[in-house]
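In the two assemblies presented below, chain A is common to both, partnered first by chain B and then by chain C.
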Partner chain A sequence: MEMSLPPTILAFPVAIPLAFAALGIVFQLMRPTRAVPMQQFLAGIALVCNLAVASVLLVFTLSGGRLAFQMGLWPAPFGITVYADALTAIMLFFVGLLSLLLLPFAMASLDARRERQGFYPMALVLLMGANGAFITGDLFNLYVFYEVLLMASFVLLALGGTPSQINGSIRYVVLNLMGSILLLLAAGITYGTLGTLNMAQIAERMPLAPPAVTALIAGLLLVAFGGKAALFPVFFWLPSSYHTPHPAVTALFSGVLTKVGMYSLFRTFPLFFPDLLIAWQPLLLVLAGLTMLVGVLGAFAQPTIRRLLSFHIISQIGYMLMGLAVALIPSPFGVGFGLAVAILFLVHNQLVKTALLTGGGQVEIEMGTGKLNELGGLVSQKPLLAVLFFIAAFSLAGFPPTSGFIGKLGLIEVTFATDKWLIAGVSIFVSLLTTMSMIRLWQYIFWGKPHTQRRSRSEYAPSTTQAMLLTPTAVLVVLSLLIGIFGQRALDATQIAASQAIDRKAYIETVNLQPTPGVQASEPSAAVLGTRMSAP
Partner chain B sequence: MTEIYLRLVDRVLTPLIVVLAISLFLRGHDYPGGGFIAGLTFAAAIELTILARGAAPVRRQIGRYLLPLAGFGLLLGVTAPLLGIYTGGFFKSIWVKFDLLGVTVKVGTPQLFDLGVMLVVIGMSLTYLLNLSERGKEQESPVFAGHR
Partner chain C sequence: MTALMLAVLVGVLMATGAYLILQRGQIKLVLGLALLSHGVNLALFGTGELTRGAPAILPHDAAEAAQLLAARTVADPLPQALILTAIVISFGVTAFIVVLISRRDAFTGSDLAPGELAGVINSADPFTPHDPALALPEAADDYDVFAYELDEVYDLPEAKELLGHEEIDRE
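Presenting the complex of A and B:
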């Protein structure tokens, strides 16, 4: 079935959150008691519209479509290109879904002070940054959207202004700015060498660049995006900041921030450096293994719910990199199977990690503490939450019939088939440790004797508030189970995304580069390279 | 108390800088200038007033409008490209030419976008400048999350 979509639709994932965030900021003019409900209402509309657009794009791309739009109709590579295929649409859809699910959680749990300081508009700006990073087809534009993300997340981290938040935010922003500088440096070197920033044209011209320059750009991008994704050894910003803001903010971050970095690796490496992805496989696998190990071992030493879960975010990122490392290796399951599993794993992780952080966040909000040794015995007070948290924890560890099982099974299958025994062994070992850590976490919170001096505040809270707090956890756990049960269908969908992501020719054709006036088509690279590279 | 000379300079220069900002904004599309620079120039004019007369009166007069102004600027900045969908695509520009007292005037959506940029820059940079000029106000004691 052939579907057609007006390419202008690609503007909406950025335009909708931005417009409603702007409108929300204008309403700051009113009294806070009236402005905040208005901002909540606007955020609700924006998130529903955003999810609707993402769903349309998802259906379109999963039926095999690709879409590119030139901003202002300036032909590529002169204008800014935005591009969507199934990988983009999957990311847009799940980030949109998570944001929508977190809205009731935030409304039920945020204190008035944080709401008045503009939580809802800032969350929309964060969504806009993420969406922009997903759809952009221009390397410099990608950097700009990373800056939007960084600024929005900085404000959200610091919202409330407690000393620990300021401390965490400063570490966060300094370490992330270094990543941004490396990304900017990579963009500069790319432009200086290849004479273009359009990602399709970069893909076209990269083979003409000297191998050393290609390796330099690839290395810079790996460190920059790896830093954003919290890969070993550039993950320090994450555990030092994620436990400081409000639990709703942490949950939002876990679903969005690190995943944007991982998405950028999925997007740029197969497109720009297909050869390096194979040549650098040992490096990527070592990084993946160390990320997994360091993350999970770090988690054992953590005294609070969110600190512990932050380290698990890092550990899980390693699995995604492992999938990327085997993305282009021919395996019995077809080329790109590794990437397909990695994409599935990314989605699984977004769902489950956010479920755990909203569940843990609910405990923290209601008990007034996230310290593991001050919690206990919640299973009798909150049986439903205990069950949901249990399923989410075992999904993270990779037990059937959850999405974590499918993801890990696929990864182990593809690494076995390509004779990467060591990384497969490490990943199984890390899964065991994750299981131990998750059981330990669940026991601390829900098992044992209830703490006498701490009573749940939920006894005094209306039941609608309870329901709003529980909704995201419940929906996300159900989604994780659905993906686990219909695993093959989910894998088929991500297989489409992976095969589109590694199809460089189709990307370049969809973007439809126009020849540069005065220079022969696809020759300027040679001219530019000649002048730039003649210097010793 | 602030300097008497500075107050004089403020009285004379601030309106001039505001005029400069407006002219920078208007010539922006084809010549050096534009919304960003005009916004910074405008904020510099107000900063002169802050230096000359202190942050408190400025805060009293315009403080509460700054953030909404930036929001309104953002709104203009996203409306202008959206108008372009009418003529073919997001960010496609629309220009209107007309004669006003014998002078041809060109108005278009890029200028609307630029105006949005200018308002955002004015709103945000004045927010920073005012906050920097006010000495360490006591923070309210932090309230942790809980049910309202």
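Presenting the complex of A and C:
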């Protein structure tokens, strides 16, 4: 199917959330009783439009299309390039979908104080930062969008200002800021060595750089993005902050933040360092294994719903890194199969983790506590939630017929096929532990005798409120089941994304680099690089 | 020579920043982060050509521009633009951290992190529930210090009482 799409559409994933967030902040000046409904309305429009744009991009890129646009029409290496292929579009679509689904949840559950302090505009700024990080084709611009994303997340995390939030925020801010500093340093070294920040041109020139510098840049990017993605051993910000804000904020973070870090690894490593991805495979696999193990073992010690689930976020990140590590190894399934499964796993994880956190969040909101030993017996009060939570929990553990099964099966098959027995074994062992942990969680919340003192607040809530709280969990669980049932179709789609992501030549061609004026046209890159390399 | 001095300076700034972050006090944390970001900014500065007294603008004439480029008597304007962006961002983030720390200072009454202060906070923090069952041992892990809390959702004053949550909170 031949489709053409004006490349200017790439401006919208950033422009829409930005414009509506700015409008929403203007309404902040009005009386809160008027401002908050207005901000909710604006956020609704923005999220629907954003999802519509993302859907168009998804359909276009899955039929094999790529798009690049030069902001301000400056030719490629001079202006800022934005780029979208299927990997970008999948991320845009699912982050947009999650944000839209979380809107009714937030509207139903947020307290008046947090709403008045500007939750909705800030959530849009967070979305803008994430979308920008997905579509940008410029390394420094990526840093800037990371900062936008982080700034919004700092505010959302501290929104409400309870002591535990402030305490968690300080760790979160400091550790993420250190990651950003490393990212900035990587961008600086890249510019100093290669004389460019455009990602297509970096990909083109990286083979000309000395191996030591390439390894330095790769290492810095791995630590910086790995920090955002919560990889071992730089994940400490996550379990010390994710349980502190309002459950709606935690759910939003789990679907967006760590996944942006993982996306950046998926994007930059096959593009810049295809050789290192193979050479560093043992390192990546060790990191993946340790991330899985530490995450799941940490989860066993946790006494509250969200602290337990935030350790599982870390554990699941390990699976995605495992897929990336075997991305470029030839296997019977073809090159790039590992990445395809990793992308599928990322999407699965976004859906299921958000479903668990909204489900668990609903329990916390209605019972007034997230402590596991104060909960119990909710299955009779909330049978539907119990069933949905059960499916989501077993999807996380990797049982058929859910998306988790497809993702884990694919990862284990590809690691078996490439003779990575150890990591395959570790991932199976971790799945077993995840199952145990999920059974433990479900049992604590829903099984057994109801807690003697606490009863659900839901009987005092209007039925619409309860429906709005349940919506995201229900939709996400259904999506997870659909991906599980139509696994082959989903895998076909992510295989298109993976093959586009590892096709460096097509990326460079799509961006359409222009020769630098004043430099000999014959060997532009080598000439510029020459002046760079021999700098005094 | 200039490049060497710059490299040494970046190293000193980064090392001092890292050292300060590893210290206990929170003011040292802020200072350490500021030094780290200054170090990175200087490193970025070094990625442009360190040319003295040359403008950062190329002449319009292509031949003349090529000549200047070949002789490397032109400054690179891009790193300066990058540094400017980075300075603005790190300024904003630093301001935010200072606010967070002053907030924490307001409820712990101390510059130190609360992990070392569980006992003090338990006695002085108005947010800690005065429930003997919830009282924490002195050496508690510091994210146990602040009991889980969530704002009222349904904003129904009578609901809390009817559900017995009021009594639990009071006990």
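One rule holds in what follows: the second predicted complex is superposed on the first by the 520 of 536 C-alpha atoms of A that agree within 3 Å, B and C clash if a C-alpha of one lies under 4 Å from a C-alpha of the other, contacts with A are read in each partner's own complex, and residues count from 1 in each chain.
Criterion: contacts are C-beta pairs under 8 Å (C-beta built on N, C-alpha and C of every residue); 3 or more make two chains touch, one makes a residue touch a chain.
Only a predicted model underlies this, so the values are computations on that prediction, with no experimental measurement involved.
Undergrad: Is A:169 in contact with chain B, with chain C, with both, or with neither (first, second, both, neither)?
TA: The answer is second: A:169 touches chain C but not chain B.
Undergrad: Under the stated touch criterion, which partner chain does A:189 make contact with: chain B (first), chain C (second), both, or neither?
TA: Touch status of A:189: second partner only.
Undergrad: After superposition on the shared chain, which partner residues are touched by A:177: those of chain B (first), chain C (second), both, or neither?
TA: A:177 sits against chain C, while chain B stays out of touch.
Undergrad: Check the contacts made with chain A and report whether chain B or chain C touches more of its residues.
TA: The larger set of chain A residues in touch belongs to C.
Undergrad: Which partner does A:161 contact after superposing on A: first (chain B), second (chain C), both, neither?
TA: both
Undergrad: Should A:283 be classified as contacting the first partner (chain B), the second (chain C), both, or neither?
TA: In the superposition, A:283 contacts neither chain B nor chain C.
Undergrad: Check the residue A:112 against both partner chains and state whether it touches chain B (first), chain C (second), both, or neither.
TA: A:112: touches chain B and chain C.
Undergrad: Just checking: does A:52 make contact with chain B only, chain C only, both, or neither of them? Give me first, second, both or neither.
TA: neither
Undergrad: When the two structures are overlaid on chain A, which partner does A:432 contact: first (chain B), second (chain C), both, or neither?
TA: A:432 sits against neither chain B nor chain C.
Undergrad: Determine, under the contact definition given at the top, whether A:28 touches first (chain B), second (chain C), both, or neither.
TA: After superposing on A, A:28 lies in contact with chain B but is clear of chain C.
Undergrad: Common interface residues of chain A with chain B and chain C?
TA: Common interface on chain A, chain B vs chain C: 109, 111-114, 160-163, 246-247, 364-365, 368, 457, 460-461, 465.
Undergrad: Which residues of chain A touch chain C once you look at their complex with the stated criterion?
TA: Spelled out, the residues of chain A in touch with chain C are 109, 111-114, 140, 144, 147, 150-151, 154, 158, 160-164, 166-170, 173-174, 177-178, 180-181, 184-185, 187-189, 191-192, 197, 240, 243, 246-247, 304, 364-366, 368-371, 453-457, 460-461, 465, 517-519, 531, 535-536.
Undergrad: Report the residues of chain A in contact with chain B in the complex, numbered from low to high.
TA: Chain A reaches chain B through residues 7-8, 10-11, 15, 18-19, 21-29, 69-73, 108-114, 118, 121, 160-163, 246-247, 364-365, 368, 457, 460-461, 465.
Undergrad: Flag every residue of chain C that touches chain A in the complex, lowest number first.
TA: 3, 21, 26, 29, 33, 36-37, 40, 43-44, 46-47, 49-50, 58, 62, 65-66, 69, 72, 78-79, 82, 85-86, 89-90, 92-93, 96-97, 100-101, 103-104, 107, 114, 125, 127, 142-143, 145-156, 159, 162-165, 167-168
Undergrad: Mind pulling up the chain B residues that touch chain A in the complex?
TA: 64-65, 67-68, 70-75, 77-79, 81-82, 84-85, 88-93, 139-140, 142-148
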